[in-house]
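Got some structures for you, see below.
In what follows, subunit A forms one complex with subunit B and a second complex with subunit C.
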Partner chain A sequence: MKNYARIRTLMLTGLLLASVALTAQTTATGTINATLINKSGIALVFDSDPGGVALGNTGTAAASLNFGTVSAFGPLSAGVTRPTVLAGSYTVRTLFDVNVLQGGGGSPNYTLSANLAAAAPVGFSYAVDAVTLTTAAQNVQTNGAYGTDVQHSLNLTISTAAPGAGGPAVGAPLTTTINFTATAN
Partner chain B sequence: MRVSRKLALRACHIVACCILLAAAGRAQSSSAQLTLSLTVQSSISLIFQNNPAVGTNGFCPLTNAGTNNVGLDLGTASFPAGSDSLACVSYAHVPPAMYQVSSAFDVVVSKANSSSPNYRLAAEISTAPPANVTWLINNVALNNTAFTQLDATDNYGTAVTKTLQVQVKNNVPAQTLLETITFLATAN
Partner chain C sequence: MRKLTLIAIATVMFAMVSSMAVAQAGNTASGTLTVTATVNSSINLVFNSDAAGVALSSGAGTNAATLAFGNVSAFGAIAAGITRTVVAGTSFTVSTPVDVLVTKSNSTSANYTLKAQLGAADATNTWGVAGNTVTSASAATITATGTYGSNAAEAVAITIPFTTASGSVISNTINFTATSN
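Here is the complex of A and B:
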């Protein structure tokens, strides 16, 4: 009888040990020490304005804007207006948007400057908002808000003089490039 | 020798640190280009203006003066009455049985980006008038089938006075006479 009890105790102990051995697993741990330098930066893109000419490559930093055929008295393309016609000159205008995106934070707003890539052709004067452009960069806005379309006007003042007499060339396509720079404040 | 080498290395480190600090302190900026294109075209415009003598007999005021779409009221007239309801309208009896009412105004044509030295002016009425009614500009009768030339070499930017005349024979039934007169300036 005593032997039977011993055997039963031994068997139970064996079963317990076996179950513990089955549930225990081998584990290992490791860590990755990752580092990322999040540098601050800004990016400028042009967007079409609802009230202006539809830009080519809108949403990029290399957009194009076609005024179409302009004249002092004739019809104008959609999105182009003619706010003034004077004896010596007339102005055609369109609207475009500048959107400056910021990453990294730290800057409350930006300064926008613009300049002509080359001297203005004879009979033309270019202005962004109220700033007449030259080949030297000039501030157009000093407190631009990030992450939103900021509307600007592009004004071309054209002499009414005849070609060769101080007026622009007539009937020939003309291309001008304006450089814009946004600088974080 | 070793000391000077160490000093040189330290100097290099300091210079490198300064460059890095300067780079870190530089303002962030982004550049973009907008390319414009356009074609300039020559153009001319024509507007009607009140004559400086407006309000006196023979010079009625235009409505919407200073534009290319104006109105001119010649009032009410009749053959035997010998006058017009408006004092500014000039009334004349044209023997034997016709009357004429008239009023003068100015035409101004401007040019831009053009080498044209002058322009020619023509006019046309919109609809055929009733029998025995004639519309004239400076004594030149107009019709509704083609432009009738009024001037061959008018100067740009100078007011040219034109007189609109309506001649009505005594056998024309009473009615309202209405015409739209189109003026055409063409660069020479």
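Here is the complex of A and C:
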């Protein structure tokens, strides 16, 4: 009788444990350790400035800017000004924006440099803001703000000399490529 | 021991953050801007006061100047810079030189032609520039071989009949046009 009671107790205990075990099988938990390496990066695009000529391919890193027809004394396209006319040269100017975007970085600002891809056409000289461009990169700005259009001026100084005498060719488009590089500080 | 562990963890974390910052500082992005311009030749005309003439009362150095002879008469006092000739019993002429400066840019033109024309007809007085009668009917050629970049003194003259009433104000506009040759 005593053994029977023990057996019954053991069986009940077993059933209880089994039911607990069965109940436990309905849920499961797990942990996945995922690792993400967030690499910082920056991107540069050109935007049209409201005060300048409209850029071709604005909003991209490969834009075009056309001054249109320029002369020392004649009319200029909208967005182009002529701040100086001297005996030996005159300057036409327009505005454009550079927007440098930052992703995943802690850089406070950027340095913008620019250079001519090749020597300027005869009689032409380019400057971004106050920096006269050459084929060697030069800093245009050392504390550019990320994520906003930063206005820059593009100044084209043209010799008044006649074609063949140190002046530029007339009546035909003259094209130059300017390379810009933004470096995170 | 526990303190040492905490210091070690903090040091490792600082080193990681520092290395991240260094990595960010070198990031670069580039873009190209293709710039085009078409140059045209052009010329420009401005008026300047001539040292021997009446000073322009306004607009010197521009292409819209004003020349005021002031009070003129056949026999009375005349202002400095004005030359007067009288045709007895008929009329008198007052004249003063004005400099015309034509400049060129990006041009192979050797010289220019200068023409002048009155802005409004004047049936009473006779106007002239550099010895050429100027009317409103058509443009008179002042010179066919103007030199660029040099002030050219052009005498502006008005011939006034004796019949003109005293106190009459004589005013007109002379339009000058330079054309590159």
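Assume the second predicted complex is superposed on the first by the 160 of 185 C-alpha atoms of A that agree within 3 Å, B and C clash if a C-alpha of one lies under 4 Å from a C-alpha of the other, contacts with A are read in each partner's own complex, and residues count from 1 in each chain.
We adopt the following convention: a residue touches a chain if its C-beta (ideal position, glycine included) is under 8 Å from a C-beta of that chain, and two chains touch if they have at least 3 such contacts.
All values reported here derive from a predicted model rather than from experimental measurement.
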| item | value |
| --- | --- |
| Superposition on subunit A - do subunit B and subunit C clash or fit | clash |
| First, second, both or neither for A:Gly105, with subunit B first and subunit C second | second |
| Partner chain(s) touched by A:Ala54 [first = subunit B, second = subunit C, both, neither] | neither |
| Touching partner for A:Leu76 - first (subunit B), second (subunit C), both, neither | neither |
| Touching partner for A:Ala145 - first (subunit B), second (subunit C), both, neither | neither |
| Shared subunit A contacts, counted only where both subunit B and subunit C touch the same residue | 40-46, 60-74, 87, 90, 92, 96, 100, 107, 117, 123, 126, 154, 156, 158-165, 167-185 |
| Subunit A residues touching subunit B - in the complex, by the definition given at the top | 40-46, 60-74, 85, 87, 90, 92, 96, 100, 104, 107, 117, 123, 126, 154, 156, 158-165, 167-185 |
| Touching residues on subunit C, where the partner in the complex is subunit A | 20-21, 23-44, 103-108, 149 |
| In the complex with subunit A, residue positions of subunit B that touch it | 27-45, 110-115, 157 |
| Footprint of subunit C on subunit A - complex, ascending | 40-46, 55-56, 60-74, 87, 90, 92, 96, 98, 100, 105-107, 117, 123-124, 126, 154, 156, 158-165, 167-185 |
